[in-house]
Amino acid sequence: MSTHTEHQAPQGREPLDVNDPRLSRFDIVQEGARRDDIEIVHYEQQVVPGTKAERRLARTIALFFLLTGAAATAFLVIYIWWPWQWEPGRGGDKWYTPLLGVTLGIALLGIGFGILTWGKKLLAKEVSIQDRHDQPSSAEDRRIAGETMLFLADEMGIRRRPLLGVSLVAGLLPVGAVVAAPLIGGLITNPHKNNQMFTTGFKPQDGKKIRLIREDGRPIRPADVSVGGQLTVFPGIDGGVSNRHADSPTLLIHLREDDAQKSRAANAREGHGDYMWGNFAAFSKICTHAGCPASLYEQQTNRLLCPCHQSQFLITDNAKPVFGPASRRLPQLPIEVDEEGFFVAKSDYTETIGPDFWERP
Amino acid sequence: MKRRKFDVAAVPAKSAGALDDRFQAATPLRKVLNKVFPDHWSFLLGEIALFSFIVLVLTGVFLTFFFEPAMTEVVYDGSYAPLRGTPMSAAYASSLDLSFDVRGGLVMRQMHHWAALLFMASIVVHMLRVFFTGAFRKPRETNWIIGSLLFWVGFLAGFTGYSLPDDGLSGTGLRIASGIMLSIPVIGSWVTSSIFGGEFPGTIIISRFFIAHVLLIPGLLVALISAHLGLVFKQKHTQWPGPGRTNENVVGERFFPRYVLKQGGFFMVVFGVIALFGGLFQINPIWYFGPYEAWVVSAASQPDWYVMFLDGSTRLMPAWQIDIPIGDGYVIPPLFWPTVVLPGILVGLSLMYPFLEARRLKDHRHHNLLQRPRDVPARTAAGAMALAFFIVLTLSGGNDVIADKFHISLNAMTWAGRVGILILPPLAYYFTHRICLGLQQHDREVLAHGVETGIIKRLPDGRFVEVHQPLSAAEGHDGHAPALDYVGWVVPKKMNRLGALGPAIRGFFYPIEKPAEAPVSPGHPPVEPRPEREEIGSGESRR
Amino acid sequence: MTSDNDRRRGLLARLRGRPVARSRGRRRLGAAVRLTAALMLAGGAYTVFAPGVQAQDNPPLSAAANEGKALFDVSCVTCHGRNAQGVEGRGPSLIGVGSASVEFQVSSGRMPLARQEAQAQRKPPSFTDEQTRQIGQYIQELGGGPQVPQGNLREGANLATGGELFRINCSQCHAFGAGGGALSSGKFAPTLKPASDRQIYAAMLSGPQNMPVFGDNQITPEQKADIIAYIQENLKATQDQGGFNLGRYGPSTEGLAIFLVGIVALVFTTLWIAGKS
């Protein structure tokens, strides 16, 4: 095989006879390329066969492949024998995943770089030029295709027999709808079933007011929340502490005396004069912006921050949004203490919980 | 009867002949074998996406064997003690089992997640390459559209996958997604309840996301990727301008063997890098997030990086609520604009861009040669503007982390983002435009006067001038070397690139063709000395 | 009054730490601030201190509390006033905050403050444990308040309960990985990494700065032990499943990693592959 190819004039050449015994294999390859409009203009071995350089390269590549073998074996050994089950503290199991990743990574990189070195350093360099032939089809071909399609339409005779076309469309449209109907009809769900978007778990059941409970189900006495403290509370109903009532989690806050006064005054302005009980106020934990739990309560500034989009609500001003993208205040839950000394919700929330939507009144 | 000797050496040729008898494969096979690909590092970026997709499929199939896509409540009893006894969904419990009770499951889970991040990252990087080099122009607009769709479908794949473990972080993301759907005017609440099967979170969303994530979306991805690759194959790859390269040819290597070997090797490298990531870097440690509970949240709740720009736009959005006082009153919440309208505009713009540009430049020719970013300042500047927009939004998506770790006020970060989103993109446009023109100018200067040699000469009248080495050897009519044409390709700027010293680092950062390739055989120039090129520079640069 | 002022200046210098060379502008500014402060003090000192003077010497103090009072009168009185009654605009009253608060603020180095700022920062403590205990004793005997119990604070703790309580009550500000997070306008929830058992306990009891108070009725001492155990034994383990945790900042650092490490490594590989050999 020659390191340099003899250049033939690309245009107007005669095809070679590939059965000519004088042709080398490369000549045939080149001839095949030419038939696909490829001219191999430069073909050069990078290493001379039998030289030191070639042997060195072959050794490097072999080394890469052997490295892969070693790493893959290590992977298997670690996979089988390394202690892998979780245990507290810094056990050996903490190294299991890293070791698997490293051995697998090395094994794959070994093959990768082996192949790459082979392809890049050991194979002949070449420069080939191929014609693109991305001109549009000839005008004649275009015309033939166009006429054929028009002829097809003629054969169908839709223009002459309009009834067929109309009835076909009229027949197919309902079929399309039939295909879509089960999917859409099956998925579609009324969002206003049981008025669910406007009620929460705190809605009194059978005239009985709902208790505020903790995450472990215990009801809450006023003494349970320290001044400057907050507690996440739930409706004391079946499944109240679960995602079934994802709109019900509420933040019960015990305000300081002076903050509570401000808060009461703000409540009164809104006609929510009796929503607080003592210095306790309860606000929905579900952000009115996108529904994250807005629960980063700053007890000195009385701001409530939502960690998702940084809306900030001022608790002492009816939880009005004071910064960020939220446009609506957090609804307040009217609370009181029942005869047994536990917090109850006087009624359900009087405003809609959670992210805003079109038909919220 | 004479027994015919079985000729082992003839078996391959014989069976090949038998195959061709039946399938007539030889001619098409020759055509596939004979396919020239241009070689440049930037043409391999899309391959990273393709290869990470393959890794995603491989690891994803493994995960489906162990994942249980159900929201049934179970009590965890696996080997991770800090969650034992906690009620959670079956999906979260099985994700924990994948991490702690399936041997090697964690490394697979992490590889899957890292591969997803790499998939999206390489799509974006590849898209930037295509954009800035003008590879989307006619006849490749369709492939640009498919590529843009791949980003958005990948986005959906990522989001559905991220939600599957049903952990605290992904549940928060799902909650926001439901809020986004709710914000759509008129139909919002119906869309949400239809997708979630009732009120958020319902009991079915994980199963629905699962089938979307493992069947529908991958199916769509496979279809789009096949079309994308098929079109590249059919339309042949673009190439950089340069000696011998015209709009009508492809200069490079044949598909086999070298190019394919390189591709195969590169696949292994991508796979290996993902494996290293999967083992060495922890990703999405769901066991700290706990099961999703509507009342639990963490500071610094972020989505994966490719969703973060939407989170950022949401954070920067002022609280502008539109009230429509008809009947009981209707609302368009502020959440609607940055999360529904903005992505809608972005999808539209990205799909339309090739047509918009062609229309503006009244350019309806075929383009197979790439353009250097500097040669099309308007496009490059527009791209820089878009990139600045995206980066400001993405950074704003993590602005609470930045605020916390660099001790900046959170409110100041939000305001910086609000101001930045208005100011930085135009600035990026202006500066990029100027830089492009400057680079072009320098290239033209070198073509006209030659390379700066660093040799200072004193003229007889006392002036100092720098000696320039002209690029063309031929003497012009007035004793100066004639100025060379501007062709939109690399111009040597240093002496050693001219061959005085040879490149400082051989092989690295250089395309396969040096500006001046030695002729293949003496007396026969390999290609026409100055081939006719249709696109020399850009429309603007030739004004 | 002059001697009082002198002492205060000396104290300010001490609080500032080692004298450092400062520009003339800053020196002038500092002088102006000090002058204003001195004038305001001179004017308002009587009204502010008068009630404190009357309340003095009412309860007999224990020996430790007396030691603590001496330390208090040197280091804390500037902002918190005589007998910890507070100084309007400088520092709150410490009556009723209890030794828990002192223990948290002083042992974590937050108090004495280096300067007035949005939020006190953690720094190396200025007092020894013994001195901290004495100041705490003094504040305790002055006005009572919550105290951190002695002994092992995570006796018989349950990690799973602790995790659940942590996620409900703590993670919204301190983050899932206890790395801390930003609050409004430059305030922040600190990382829990350097916090000791007693400091976490004291913080829950006293609600320092903007942290809500988690009294013993709300989170019982047993539950506090669970939370502390979860933080100290699970979240603080630097080594955990799945390799290097990238600082546990969540998806933001993961995104950074895929670009800075993944994409960069692969782009270099493409450069090598397509480069001239």
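The first chain written gets the first letter, and so on, giving A, B and C; residue counts start at 1 in each chain.
Basically, a contact is a pair of C-beta atoms (placed from the backbone, for glycine too) under 8 Å apart; a residue touches a chain by one contact, two chains touch by 3 or more.
Computed from a predicted model, the values in this text were never measured in an experiment.
Closest to the protein's overall CA centre, chain by chain, comes A.
Ranking all chains by how far their C-alpha centres lie from the centre of chain C, first place goes to B. Simply put, of B-C and A-C, more C-beta pairs touch at B-C. Note: centroid distance chain A to chain B, computed from Cα atoms, is 16 Å. The distance from the centre of chain B to the centre of chain C, with each centre set as the mean of the Cα atoms, comes to 45 Å.
Chain centres here are Cα means. That of chain A falls 38 Å from that of chain C.
Residue positions 86, 88, 96-98, 101, 116, 120, 215, 232, 293, 295-296, 305, 307, 310, 312, 323 of chain A each touch two or more of the other chains. Residue numbers of chain B whose C-beta contacts span two or more other chains: 81, 100, 106, 110, 262, 265-266, 269, 273, 277, 279-280, 293, 295-301, 400, 410-411, 512. Counting partners per residue, chain C has 159, 164, 168, 172-173, 181, 183-184, 189, 234, 240-243, 272-273, 277 as the residues that reach two or more other chains. Interface residues of chain A, counted against chain B in their complex, comprise 4-7, 32-33, 35-36, 38, 40-42, 79, 84-86, 88, 96-102, 104-116, 118-120, 123-124, 126-132, 134, 187-193, 196-197, 215, 232, 234, 242-243, 245-247, 249, 285-286, 289-293, 295-296, 305, 307-312, 321, 323-328, 354-361. In the complex of the two chains, the chain B residues touching chain A come out as 30-31, 33-36, 73, 79-81, 100-101, 103-104, 106-107, 110-111, 139, 172, 175-176, 178-180, 182-190, 192-201, 235-236, 244, 247-254, 257-258, 261-262, 264-269, 271-273, 275-280, 292-301, 311, 314-321, 328-335, 338, 366, 368, 399-400, 410-411, 414, 512-513, 517, 520-521, 524, 526-527. For chain B in complex with chain C, the touching residues are 39-45, 48, 81-86, 99-100, 106, 110, 114, 117-118, 121-122, 125, 168-169, 262, 265-266, 269-270, 273, 277, 279-285, 287-290, 293, 295-306, 308, 394, 397-398, 400-401, 403-405, 407-412, 506-512, 514. Across the interface of their complex, chain C is touched by residues 46, 86, 88-90, 93-94, 96-98, 101, 116, 120-121, 125, 215, 221, 223-232, 293, 295-301, 303, 305, 307, 310, 312, 323 of chain A. Here chain C touches chain B in the complex through residues 118, 159-160, 162-164, 167-168, 171-177, 179-186, 188-189, 230, 234-235, 240-246, 248-252, 254-259, 261-263, 265-267, 269-277, going by the rule given at the top.
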